[in-house]
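Shared chain: subunit A. Partners: subunit B in the first complex, subunit C in the second.
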Partner chain A sequence: MSVTTAKANAPKRTSFLYSKTIAPYVFVLPFLITFFVFFAYPVLSTIQMSFQEVLPGATKYIGLRNYEKLFNTHFYRAIYNSFIYTILTLVVLIPLPLVFAVFLNSKMMIFKNFFRSTLFVPALVSVVVAGTIFRMMFGELENSFINSLLGVFGVDKMKWLGSAKFGMLTLVLLATWRWLGVNIIYFLSGLQNIPAELYESAEIDGATTWTKFTRITVPLLKPVTIYVLTISVFGGLSMFIESYMLWSGNRSPNDIGLTMVGYIYQQGIEQNNFGMGSAIGLVLLAFMLLLNMLQLKIFGLFNKED
Partner chain B sequence: MDNKPSWNVSSVLMVVLFIVVAILVLLPFYAITLASFKPANMVISQGLTFRIQPELLTLENYTSLFTKSAGTYFTWFRNSIIITVLGTVASLFFSSLVGYGLAMYNFRFKNVVFTMILLMMMVPLEIIMLPLYKLMISFKMINTLWGVIIPFVVAPLPVFFFRQYASGLSKEFMDAGRIDGCTEYGIFYRIFVPLMVPAFGAMTILQALGNWNNFLWPTLVLRTKEMITIPIGLSSLITPYGNNYQILLAGCVLAVLPILIVFIFFQRYFISGLTVGGVKG
Partner chain C sequence: MRNTTFKVLTVAMASMLALTACSKSDSKPAASSPAETNSPSATAGTTAAGKPTKIVFWTFQELHSKYYQGMAEKWNKLHPDKPIEFEGNVYPYDDLHNKLLVALQTGVGAPDMADIEITKFANYLKGTPQLAPLNDIIEPEINNLVKSRLDIYAKDGKYYGIDYHVGASVIYYNKEILDKAGVNPDNIKTWDDFKTAGKTVLEKTGIPMTTVEATEQWSMWPLIAQQDSDLLGKDGSVTLDNEKNIKTMTYLQNLVKEKIAVPAPGGFHHAEEYYAFMNKGGAASIWMPMWYMGRFTDYMPDLKGKIIIRPMPAWEPGGARSAGMGGTGTVVTQQSKVQDVTKQFLAYAKLSKEGAIEIWKQLGFDPIRSDVWNDPALKEKNKFTDYFGDNIFDTLNTVKDEIKPVNIGEKTPAVIDAVKRTAEFKIINDLEDPAKVLKEVADEVRNQ
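Now for the complex of A and B:
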């Protein structure tokens, strides 16, 4: 009864915009506008610009010239740095947080919440602040923080940001410091979804801690691991500000800190060469999509049973 | 494993391990806080050090941060606050609408819209920053706070998050609302907004944190001293000669402090905010 009266009343006090068929479109309208103006248009525009020489007032098509110019040592270095950084961050930032999360989830552990929160604190800090801190800690002076710490163990002072090897190490340590706690939280939330009965029945069957870890914990954490892996790959390949802060903006010696996004910034913003910058961006995008496909294939996400 | 916590060798080892890790994680904060209270020449000649020398500690860096260049720090602070507040409020408003609409209604192109969101998530800002920057020039939004905020008001991640959250709510509330004479928007505003309070809480924190710390896009859009935010201002203190380090350190400490205080009070929401959207499945 009341349903019919509500329906009968509806046209009287509501206009076209208020109808049940139109409302959902009103709800998603802000997204549609953003998508077309601030996403689809820039994507198409960057594809177009990658084939152009973009000068103020005089833009002309130059075919594949921008892409041909990419075959240079700076770009090779940038690709190398981005990939090494991504791989190293994966090597550290997946197993380490996973093991730490298992420890923190253990019944024998005390002060769980305290450690969880403490390890998360670096994630609150802006890259600018984090970069400044690390740049100073890894200073080349004898009594700089890290050098004086190593001095205690009799290790000679080092120019951390002066060589490719140690510069990369500093970048990876910075990433570890910032993201360890965040990844621990992802893994912890995954662990809490594993039913305790699985462990109990494994114990009845006489499973050791190690077997339980490799046969139950790791396989059941697969969705979380894939998620962490995905965001780490994207984050790693688009790393730039960290290196910008450590070497005062793209001025690293011999490009030891140059990344792919750093090269986009250098060409596009600093040298105002939007065409070249766009071409670099599209190569980066191609790498990302390729890795994503590869990862989906490896983890069998194309299989229906998952 | 037994149910009551028992003290044995492995639990002691784990606690020791975590104490060591916690110290390592907090060490950098100790280092900059200490250095920010040291005289400028000491910071330059020594870099960051462990040793506390009480006779040397001074507030000089903080006073010069506030007084030099006519209180620019407060301008940065104001700009950061405006961007954080407006950006966060606008993003929550629009993203919750979109996410709710996607989760609760069946309409044509619904799957198309969802695919668009996923597509947007897969292409990072870095790849489209040049054309986006050009677009902002043609919109005359360069060097305005709006130029920082508007392109990202409806970001895919918060939309996705609200969609996930709303999907878990019962659609029966919608019919109940209609029977009681609510309009479609009234149903959202009066019934679902209150139901989604936890989602709003988590997203407020994450969006505010992101806006406060954001660097890459603001640094492209904001051009003059009067318009820049704290992270940009701080990075501008780094010159190849490093002569502003001591002010920079004081600025860093003050940039972290507000978030740290918020974090201490809202830890639970920070942490739940990270996991609710992402890791289902």
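Now for the complex of A and C:
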């Protein structure tokens, strides 16, 4: 060992740079630094803060009090909203883009490129802009866009953002509008990897379009589907800006748009209670981990055979 | 062997990184402690003489920023020896308060001067306030100022904020609609009269008499303050569910149930939808503090000449007809490197006689400096007299001694939040039982 250190300290600097043992560490160093500074340190600091009352100049440990306060209706409501939102977005944003992608991939489809690009454009619009426009569109007055549209069909004006059901519907609509195109792209790329011969041989065997879809397309898209599912779960559970923009601030009445991240923001920043915010954040982290493990297990991603 | 050496090295390096990050945050309170920031600011103040001192200001109200901008120009004419360069930044309401809180909490990035709204102010006084005490500029003028407007921004005998106004609440009637219904606003003396008049207006014109906020506190707070009740008691305890408050919320709910009032479109009186609704003559009246005049002139131009200002109805004949509502304190931060100049400028803009008169002229606020209230300058024409007629200050002077104060305490942000988010919405929008809702919400705030 003393020999190695002597070598490393030797006047020949080049040997240090070209050393096979050091080089890998030099190359991973940027990652390590970012990992420790922007991930490990904040996480540790969050754990510490969750046991504290954080105030400028008067921070003190308060044991488990932050966690004890956690069990209240607002927190339950936030969890409920986040989960319902996630489930609804999954229900809409997996089958719908899949079917769309199949259409867009079909040779019979006309104006393919036009539809591809129009469906993708919303993903390029900032959530802030989209949320503001949705807020205006879903206004509660008779002459706001959606209500006036419904008026044509004789439906009464509605308070879109004033009830839990329609508030959630608006959130899901916003998510669908925004993410449909992105998911279509994922599925399209998956579809293009399915060999055409499979369909040809199926046709020879006399398979209908439906059988081809259910027996070839869907099973072969499984990896893409799992990927989309995973990112949608994360996206759903961490949703915040959409709700923030729709209710012009983190202030939806009766907590109808309160999400878990929204609750962190409300407690930690708006009420100047960073300790509580940290505690909520850690619970959210635990939820995410658990859910992710479960999902990976169910889809058999822990099996090394693949 | 080699591998282990370098593994140990890597871990050591990484932990050093983590440690430096830790020590940085540990040194934060020391760096921003008053003792240390005061001395450099004093030197900065003197050395900066001659070339403009830059003052950065954050607010959530464009009108406030414009006001200071104008005052900075006036200041530069008066003090050519210490000119200032004023930079006003306007953020949305929530963004401003959160950004400022994070900047003060972390010790970096705060502006020199900022606006903090009264319901959020207690958040900034928790722990060791990261704001500069303003006693040195307030105390010389204290006898001319409305003291209750200073106490709401004080902690341990130190004043941290200076308000723009007293915030007397008044009622704005749409005269055109009232005339159509044949209702004389001067005959509306009590809230019972108001309800009766509302019924007439609704029957004759089909237009609701008023709007009630479901997600902000300006509809209910003045009404309970008028009766010497409040959200918090003088000692800071939660009194949200007392009898007077239940009675008041029931009254408001009944207005909505009988269609005399509608829940404010957009939820509150500052929503884009609301301005559009009102501007088209959507309701015949609205009670809001004096400072709402600026919203009329700027966002509801079509109502010019149609709106008249009257004292609010009282709960019983001879009762108080107004309450001091809202408020925004301008603060100077500890982080500011030019505290001295900023304070002098703030004193000039808000505490001086000239400043108080300008506050009225430009913002239409009832200034906290009471010795100018009878000044002839307040009778001069401005955009508010053009919009509302000449007798604004006469109305205000009649209720001068009936302006009820409110109690502000550490629980104010929490109780306001609960009222805005839950209590009002359930009572006004979902029409649930006021007594039950208020009890639930009050208990929750008590336990926080």
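Just a few scattered comments:
Heads up, the rule we're going with is that the second predicted complex is superposed on the first by the 278 of 306 C-alpha atoms of A that agree within 3 Å, B and C clash if a C-alpha of one lies under 4 Å from a C-alpha of the other, contacts with A are read in each partner's own complex, and residues count from 1 in each chain.
Everything that follows uses one rule, which is that contacts are C-beta pairs under 8 Å (C-beta built on N, C-alpha and C of every residue); 3 or more make two chains touch, one makes a residue touch a chain.
Quantities reported herein were computed from a predicted structural model and do not represent experimental measurements.
Once the two complexes are laid over each other on the shared chain, residue contacts for A:Ile298 go to neither subunit B nor subunit C. When the two complexes are superposed, the chain touching more residues of subunit A, out of subunit B and subunit C, is B.
When the two complexes are overlaid on their common chain A, residue A:Ile204 makes contact with neither subunit B nor subunit C.
Contact with subunit C, but none with subunit B, is seen for A:Gly162 once the two complexes are overlaid on the shared chain.
Applying the stated contact rule after C-alpha superposition, one finds that A:Leu141 touches each of subunit B and subunit C.
With both structures placed on the common chain, the touch criterion links A:Ala58 to subunit C but leaves subunit B unconnected. Look at A:Asn72: by the touch rule set out above, it reaches subunit C but stays clear of subunit B.
Touch criterion met: A:Tyr41 reaches subunit B and subunit C at once.
Shared-chain residue A:Asn250: touches subunit C; no touch with subunit B.
The interface of subunit A with subunit B overlaps its interface with subunit C at residues 21, 25, 32-33, 37, 41, 45, 136, 139, 141, 144, 248, 251, 269, 274. Contact residues of subunit C toward subunit A in the complex are 1-3, 5-6, 9-10, 14, 17-18, 21-22, 25, 29, 32-33, 92-94, 97-98, 101-102, 104-105, 107, 123-124, 126-130, 214-215, 265-267, 271-273, 276-277, 413-414, 417, 420-422, 425-426, 429-430, 444, 448. Of all the residues in subunit A, the ones that touch subunit C in their complex are 1, 4-5, 21-22, 25, 32-33, 36-37, 40-41, 44-45, 54-59, 69, 72-73, 136, 139-141, 144, 159, 162, 248-255, 265, 269-272, 274.
Within the complex formed with subunit A, the residues of subunit B that make contact are 1-3, 5-6, 8, 10-11, 14-15, 17-18, 21-22, 25-26, 28-29, 31-32, 35, 45-50, 94, 97-98, 100-102, 104-107, 110, 113, 116-117, 120, 122-124, 126-135, 150-154, 159, 178-181, 183-185, 188, 209, 212-216, 220, 230-232, 234-235, 238-240, 245, 248-249, 252, 255-256, 259-260, 263, 267, 270-271, 274-275, 278-279, 281. On the subunit A side of its complex with subunit B, the touching residues are 2-3, 6, 9, 14, 18-21, 23-28, 30-35, 37-39, 41-43, 45-46, 49, 100, 103-104, 106-111, 115-122, 124-129, 132-137, 139, 141, 143-145, 148-149, 177, 180-182, 185-186, 189-190, 199, 203, 223-224, 227, 234, 238, 240-241, 245, 248, 251, 261, 264, 268-269, 274, 277-278, 281-282, 284-285, 288-289, 292.
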